[in-house]
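In the two assemblies presented below, subunit A is common to both, partnered first by subunit B and then by subunit C.
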Partner chain A sequence: MSDSIDIINALALLTNFVILPGLSYGSQLALGALAVTLVYSILRFSNFAQGDSMAFGTMLVIFLSGYMISQGWTISGVPTALLAIPIAIIGMSIYLLLMDRLVYKHYRGIKIKQSIVGITASIGVMFITGGIVRFFLGASAQRFGDGERFIFSVREFKAFTGLQQGIALKTSQFLTITLAILLVAFLFYFLQKTKTGKAMRAYSDNKELALLSGIDPDRVVRITWLLVALLTTIAGTLYGLDKGFAPQQYHLLLLPIFASVIVGGIGSPIGAIAGAFLVAFSEILLTYAYKKFLIYLLPLSMHPSSLVQLIGTEYKYAISFVILIIVLLIKPTGLFKGKVIVDE
Partner chain B sequence: MAYLEGNNLVASYGVVPILHECSVQVEKGELAVIVGPNGAGKSTVMRVLLGMLEATSGSVTLDGKDISMLSTQDRITHGLAFVPQTKNVFPSMTVEENLQMGGFIRKDDISKTIEEVYELFPILYEKRKQLAEELSGGQRQQVAFGRAMMTKPSVMLLDEPTAGVSPIVMDEIFSNILDVRNAGMAVLMVEQNAQQALNIADKGFVLVSGRNEHTGTGKELINDREVRKKFLGG
Partner chain C sequence: MNNIRTFWAANKAIISLTIMGLILLFVGMNQSWALALGIFNMSLISAIMALGVNIQWGYAGLFNVGIMGFAALGGVSVVLIAQQPVTEAIDAGGMKMFLALIIGAITIIGGIFLNRSRVNKWLTALLVIIGYLITRHYFSEAADLIEKVDPAITGYLGGFGLPVAFSWIVGGLAAAGAAWWIGKITLGLRTDYLAIATLGISEIILYVIKNEDWFVRGLKNVYGLPRPVPYEVDMQQSEWFQNLIAWVHKSELQLLSQSDQVERLSDYVREAAVVFVKLCYSGLFIAILGAFIILSNLALNSPWGRKVRAIRDNEVAASAMGKNIKRQHLQIFVIGSAIVGVAGALLVTYDGIFIPTAYQPLRFTFLIWVMVILGGSGNNLGSVLGAFIIWFIWIQSGPMGLWVVEMLGNNMQEGGAFLEFIEERVHYLRLVFMGSILLLIMRFSPGGILPEKNKEL
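Up next is the complex of A and B:
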């Protein structure tokens, strides 16, 4: 280990262990948070089933990609899961529309506080969905990624740049960031420019006036669930490719996702994305061990002997809670002013 | 027979009776005003005409055709338009998007109608890219009128268009309403500011406890001694 100050290697280290993981984790949270935001804006409740729905979508991808691999329907280098996503989205849409028909629709028809009733109903759906996933796939963790694991590995990077500290770009990270950008661009285009997207915003803005303008509420709700299925399946699959699949892990994802939505401002799509990256980077920056980073930057006499980790990784879910509490105390409307839904 | 007619309307909220055989009529190119004390059932008449509340008896006719059985959306396709008292725009959408949403059910090209709205309310053209929530009260009311006009309606129903605005804005809104009437529409509005409304109205209905108490031209009602004493403050 060198004893001089080495900024470039320090930055390479940070890129490899903080920036790339933060960007991909943030993208995964952002997609989940956008799904929660959509449901909140249109159906007017916080969807507690989001984490488990992501597990359900990932389960579909795991089964489909397993079948495709057994049939030899693969493209070399590409994770088969990626090819399975489109079909899984259709399955997820059917499941969500079925849940809407069986559960949520009933409560929409009753003149009671949608925000409370919707949350309670979605907690029920959360348990059902989680149960289904565990029934078919078990509760243990598993990996389902195949194909090339790296776009470029640490060794390739070192050989190319001659740096002591390498950077690796995992296929899952590359896919996550690329797909998230495409999906967010599509979603914003859809909501801002298309007639259907505008009708959804109008419905979210002023339900009564939307009805007076001839907007069909059932259609708005259906399209919302289709978009949620799209976001949920892709977010879940990308998270699983990156970190492996475990039902409990997905269930707990609800915390950072809700934190993202609230930090950003409930009901604001841009806020959901900003909140997601804020939460993701807070988690990673606070649980990263800075020892090696500081060794690169500090003279020998000041080298730390401990790990220089601010919080143990086992406490990472507490970080979401702390962020939530701080935001709710200081700026309850979130970074971007969200909407407060008042029950009629 | 008048262009839009509500004949002998009886309606109630649950078990509470609101309207007792109440009738209103309005012709094309005419401005009719419904005035009366609080709780007289003024807004309820609107809701019944629009099909948002079902009448227990009585009928609603448009151009001689009975539309009592149609849903609100169908009545809007047939030419009725409604500007609610509050929450009458889409606040987080731009002025232009508000107008587009007004024409949502139309299958043909709506750009010409949008231009017509801009001609009627030039300020909206300047502010077309701004969010409705950023506009002043009077401008927002223009957006609300514009949105309702996007279906090219023959009848415009307005629920207390001047509630809670300053006298200057009130004059502005009344002049907008006269523009809409002069464009050939039948305009029926409910108003709290009875004196000012009857001043510009072609026809007025004074409603008390869900019944027609007085009916006449705006001038007649203002000059009617009893109406003045009871409803216009002497």
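Up next is the complex of A and C:
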């Protein structure tokens, strides 16, 4: 390692260990947060089952891709999981619609505080879903990605640029960022331009008025669950490809996802995305050990001896919680002015 | 027929509790008394916890998804109060840790003070960060020093060595403190915020307990916590106990030869000692549960209780009548959490061992919820009944599931691998089972078994 100041290598280091992981983690959170936002806007409750639903979707992908690999239906270089996603989305849609029919539908018909009954019911669904996933896949962690692991590896990058510090782009990171952009673009187009999307927004803004103008509430709810299935399956699979699949990990994703939604302003899709990246980057920036980064930037005499890590990695979920608390203290409506701050 | 129905309606609580008691008697006679008493004691502790949650949910409609965290705080306080202090560890890093915590406290209080007195926000933030870094520096040094002291046995500061009964009060206070802080921030905002924040705080409490080894040994567990009741070994050796057991089994023992008599008697004494200790615990838990029930029933029927229910049933009207809703909610949230904290401390006292990994959201938060909703939210006796039923199902559903699988296995010639797979995973189905119970009650009998009685109507 050189003893002079080396900004380019420092930036390369940061890109590899902070920016790329942050972008992909943020994208995964954003998709999950969008699903929570959709349920919140249309069905008017916070969906506690989101994390476990993501695990359920990923479980479907794991089974399907396992079957496809055993049949030899693969494309070299591409993770088979990617090919399994469309079918898994269909399975996930059926599961969510079934849960809606069996659990949530009843409460929409009666006059009752939707937010509270929704939370209670979704916690019941959360445990049922978690139980099913653990029953079929066990509670231990596993990896299910195949195909090429890297778009370009550290070695290739070093050979190409001649830098001391390499950057690697994992396939999972590339897929995450690309798919997230496509999906978000599709979602916003759908909500802004199509008739169904407009109907959904109208329903979310003012339910009575929407019903009066002839919008079919059952259809709006159905479409919402389909969109949630789409987002949930893809978010879960991408997270699993990136970090491996473990049911407990998915269950705990609930915290950063809720933090993202509330930071952005509950009920606001753009807020959810912004919140997700804020949470993801805070988590990574605060738990990253800056020792090597500072060694590149500081003269030899000032090189740090400790890891220069602000918060231990084991407390990464605490960070989303602290962000949540700070937002509630300073600006409970969130950054992008969520719709409501008190119950209806 | 009509008579039976009215009789049931009038004496629902007594009948259901009697049935539950009979079931436990049945277990005692058929399986073993130690098992039946074990279930009974755990049901009592769960009932106390459910009572706390019922106060929050049934009285005020507050949604606490962090029961696990508050119970864990109670558990921690048992270790901190009742364990003997580890003098070497205190000598090694105690002062430094104290210093770190003082600096940390000064940072927090200073930050709040500066924020209130409208000093420049960036300056405040900078000072808080500097304070944090200094705290962290001393803190990690102290933690290292403490954890190095005989890590296989201690490696933590130990407790104050006080009688274990104090820890129940401290456990309640600790949980109350955490609840006050969370409630202060989230109450008065949307209902969901309280739910999400309690979920968060409970996970974080557990992360701290699991990772800070200097505090309560982290994942290494704390064994041999002091007890409020005698030990089995002491009971076996005490003369009056032996005489008592000999007297109880007099007629049977007389028929045996001298050597057989001694052997049989020692068997009986060993069994009886276990049962006796469990009975001591039962007495203790019944007393505490009874006190809580009486107090909360008195409170519920007082003007205070009517105010609380008025707020729950119609916030707008109550606030128009000049009731401070946020303050009332905060009060109830703190009281309920304190009771959960006491129950958490009792649980660890009863186990005699503190295992952080035993705190699972399903076992604590969710199970207690199902108890409250099954029993009848708003009704204290309902919570007790719910606790007994659900705990019984919870304990017996594991063996029952395995039994079903084995029955299936006997009738199947092939598929051994499949059966093994099911046997290994069948306990996860308890999650599905409990979730289904919750959803079914919510859907078809929202009042629970013993619905709240509304006296004003």
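Assume the second predicted complex is superposed on the first by the 340 of 344 C-alpha atoms of A that agree within 3 Å, B and C clash if a C-alpha of one lies under 4 Å from a C-alpha of the other, contacts with A are read in each partner's own complex, and residues count from 1 in each chain.
Throughout what follows, a residue touches a chain if its C-beta (ideal position, glycine included) is under 8 Å from a C-beta of that chain, and two chains touch if they have at least 3 such contacts.
It should be emphasised that the depicted structure is a prediction, and the values quoted were computed from it without experimental measurement.
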Query raised in the report: For the three-chain model obtained by superposing on subunit A, do subunit B and subunit C clash or fit?
Result: fit
Query raised in the report: More residues of subunit A are touched by which chain, subunit B or subunit C?
Result: C
**Report entry** Contacts of A:Met302 with subunit B and subunit C, given as first, second, both or neither
**Finding:** neither
Requested in this report: Would you sort A:Ile7 into first (subunit B), second (subunit C), both or neither based on which partner it touches?
Outcome: neither
Query raised in the report: Which partner does A:Val103 reach: the first (subunit B), the second (subunit C), both, or neither?
Result: second
Report summary line: Min C-alpha distance subunit B to subunit C after superposition on A, in Å, is 18
Report task. Would you mind writing out the residues of subunit A in touch with subunit C in their complex? Result -> 45-46, 48, 102-103, 106, 113, 115-117, 119-121, 123-128, 130-132, 134-136, 138-139, 251-252, 254-255, 258-259, 262, 266, 312, 314-315, 317-318, 320-321, 324-325, 328-329, 332, 340-343
Query raised in the report: Given the complex with subunit B, which residues does subunit A contribute to the contact?
Result: 195, 198-199, 201-202, 205-206, 208-215, 339
Report summary line: In their shared complex, subunit A is touched by residues of subunit C numbered 61, 63, 65, 185-186, 189-193, 195-197, 199-201, 203-204, 207, 210-211, 361-362, 366, 369, 373, 424-426, 428-436, 438-439, 442-443
**Report entry** Residues of subunit B defined as touching subunit A within the complex
**Finding:** 72-73, 76-77, 82, 84, 87-93, 97, 100-102, 104-105, 147, 151
